[in-house]
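In what follows, chain A forms one complex with chain B and a second complex with chain C.
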Partner chain A sequence: MRFDVALVLSYLPAIGWAAITTVGLWIVALVASIVIGLAIAVIRLHGGAIVNTVLRLLVEAIRGTPFLIQLFLLYFGGPFIGLTLERLPAGLLALSLFGGCYMSEVFRTGIRAVPRGHIEAAECVGLSQMQILRRILLPEMLVLVLPAGTNIAVGLIKETAVLSVIGVPELTAVISGIGSETYAFVEALTLLSLCYWALVEICARLGRTAEQRLSLYRFAA
Partner chain B sequence: MSWKLFTLLVQAAGATALFSAFAVVAGIALGLFVCGVALSRFRAAAGVARLYVSFFRGVPLLVQLLLVYHLLPVLGLNVSSATAALVALTLCTAAYQAENLRGAFLSVPNGLVEAADVVGMTPWQRFRRIEAPIALRLAIPALLNEAVAILHASALISVVGVIELTKTARDLAASTLEPLPLYAMAGALYLVMNMVLVYGGRLAERRFSVRTA
Partner chain C sequence: MIIPAAQVDGLDKEFGTTRVLDRINLTIPAGQVTCLIGPSGSGKSTLLRCIAMLEEPSAGIISVGGRPLGFSLENGKRVKLPTAHNREVRGQIGMVFQQFNLWPHMTALGNVAEALKTVRRMPKAQANEIAGQKLDEVGLAHRRDYYPAQLSGGQQQRVAIARALALEPKLMLFDEPTSSLDPELTGEVLNVMRKLAEQGMSMIVVSHEIGFVASVASKVVFLDHGRVVLDGTPQEVFAKPRHPRLAQFLDTYLDREAVMLA
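So, the complex of A and B:
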């Protein structure tokens, strides 16, 4: 079996751009997931019964089906209900919704786990609802949800690979494209695996470091 | 959507269920082996097992799938795309299950293991009668989560052309030009299988639950 690394490496600039695309997609989707997840969690905990049921069904539907199906539904089915999106925005929207639903469950458990006494104490010293949210609820919750949140964040990196199926020019699409151009599939895909492995390891490490630092602020339950 | 299309999708859902079930069972078996090696005294072998777990958990399944699909023929194994997909799916889920099982085996109370030694059980007896029954029960929720993940992940094997639910929905959507109802129905079928797994899992958890001290 030949293993021609040089052949693949001659495509380095294209691979570099694709890597930047993947990381960019991931960061945008992650930030959007956190915002969507927080919004869903807060609305579900404080909204009415009907809003709660609707959001619960949405979250269950997204967590209960494969991401690929959601992506196809949005990208190929969207135009039939007047939602025509290019590959990239369609991919980003699907990924953000997917991540947001998983994040919302984590945030919901996190918010519930903040001790009632802390909120009552904040009310007693006269903090406003907004101050309580900003200075007590959110910081305490964020420390609690960091491990589960990191897991989802790392999972999202791997999920970006699925966007290659609808032709978003990220790492998987570009490198497997190089594979079919040069017939050096095994070399290209090995390189691709190493890229993701490195990315995932780096993020997991960063998450663990953040956990260790922030565990200082973890209150005694 | 016509009745005909619906029955085609339900049949395809059967294929998805079969592929997933095979990967889950084979994955738990392989995961048990990997976990055993990772927890063993042999440093080098344990290192390899940890590397295996890290690699398969760190690389997207889609990439693993493409890699296995292209690698097997290069190694002289001309297998069908369905076989390649099953191999990739199993290798991937085994890494996750190995990690789940490792956590379970490590949380078997130490006193029980020592007690087994004290009453003179051989290591094999200790494993079979004390460690395995307790660890497997502790691992049930995590093993089931991974089974659900595999059901969802099996949609990706459509990318290498294996005929299952997603591939069928995609082909039918292309030929009928009605992607919306077809993907929605495919999603609904995944949801049903998902619910069966979750509720079945809850029953199993209740049936086999252990009270830990």
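So, the complex of A and C:
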């Protein structure tokens, strides 16, 4: 069997759209993960015992089970509790929840790593708890968690592939479809790997650039 | 009678079962420098932190500028004061920490202007102008756009002083402001504090810089095991024959040269 580049190239427009879909899924899920992660982290640091336990169990359940199972549960199990979702929203919701739970743990660690004295200094000049959260804790925390956050973002790119199993037309679904149509499996899967690798590399580079830019904001500990 | 800058009556502080401050009674005179000295663990920081409302006293009343802070005594009972009242009285106090505690994601100017913008709700331009003046007063006008990580320890501490001064406090608290600095950087910070003292700022300073204490303080308080052991002018407190615990403290904690100066 020879490596048929021309064959793959003839499917380029379809692959292009699939790549755009994957990137779009990733960006939406990443933004949602950050929002969900922040919400869980802040509530768990300030909330009451019951809310805390519920959120802790949620985070542990999500982190303790494969994403594939979570996706199946939501997409096929959802209708039993009255939650019927289309493929795309179901996929995005599952992915965002998954990313959000991982992010929340990183954010919690980050918030706890902000030196106590920085908060006390803010209390001394009269900032309210809300202002301290918004102006001191969250910005300082985001700088601290950038490397760990980038890792989760990279992980999310790869998890988008799982959405192919419920038929979301992203890279994995489209390219493996081309593979079965043309029997050019090796070409298709090689191309698929290259696509993910490129995306991951771009994301990691963006993370490193941001880290360098933000290094100015780090305290000399 | 002149209202003292601060008054501490029967202050106790316990952490769990350990009593860290034991029946502290102190008057902090207005417009003067009061220095707190004492061995490590004697409760100096805890006392300052109680006055700054960073710790809640277990018993006793603290008042600042004649107004009770945190708790007040009503019909012989100690009652918690409303948050709004405490916020207002606390606004009269500026605190400077050993570790500077600048916010690393803001420039020097941003650090100083922050409370003016968020707490005093000043327009940005006005806040920045005042912050610029305060930085100028501590000799750092040319470093306004630097981040804390780009400043030396001495410069960071001077920014921290400017940050506290921006809110026009009536009482400044300094907790070992030069202890985490290299020896060659302590002078610039002590000079700023000396200038502040000359301008008549009421100050409480925890410091092991005994030369500074002896030359600037009008009152020295020696704390040991959470109790006020000595309380008087530097001449009275350092007079010979020295109180045995003070003599031991001076021998253990300070180099001989500094003691000679005092």
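Quick notes on this one:
As a convention for this text, the second predicted complex is superposed on the first by the 220 of 221 C-alpha atoms of A that agree within 3 Å, B and C clash if a C-alpha of one lies under 4 Å from a C-alpha of the other, contacts with A are read in each partner's own complex, and residues count from 1 in each chain.
Criterion: a contact is a pair of C-beta atoms (placed from the backbone, for glycine too) under 8 Å apart; a residue touches a chain by one contact, two chains touch by 3 or more.
Note that the structure is predicted; figures quoted are calculated from it, not measured.
With both structures placed on the common chain, the touch criterion links A:Ser10 to neither chain B nor chain C. Look at A:Thr84: by the touch rule set out above, it reaches neither chain B nor chain C. Looking at the shared chain after the overlay, A:Pro139 reaches chain C, while chain B stays out of its contact range. Ranked by how many residues of chain A each touches, chain B and chain C are led by B.
Once the two complexes are laid over each other on the shared chain, residue contacts for A:Thr209 go to neither chain B nor chain C. Look at A:Phe72: by the touch rule set out above, it reaches chain B but stays clear of chain C.
Chain A meets chain C in the complex at residues 115, 117-118, 120-127, 131, 135-136, 139-140, 143, 216-220. The touching residues of chain C, counted against chain A in their complex, run 52-54, 87, 90-91, 93-95, 97, 99, 101-105, 114-115, 118-119, 147-150, 160, 163-164, 166-167.
Every residue of chain B that touches chain A in the complex is listed here, in rising order: 54-55, 57-64, 66-67, 70-71, 74-75, 151-156, 158-159, 166, 169-170, 173, 179-180, 183-184, 186-187, 190-191, 194-195. Per the touch definition, chain A reaches chain B in the complex via residues 1, 60-61, 64-70, 72-73, 76-77, 80-81, 157-162, 164-165, 172, 176, 179, 185-186, 189-190, 192-193, 196-197, 200-201.
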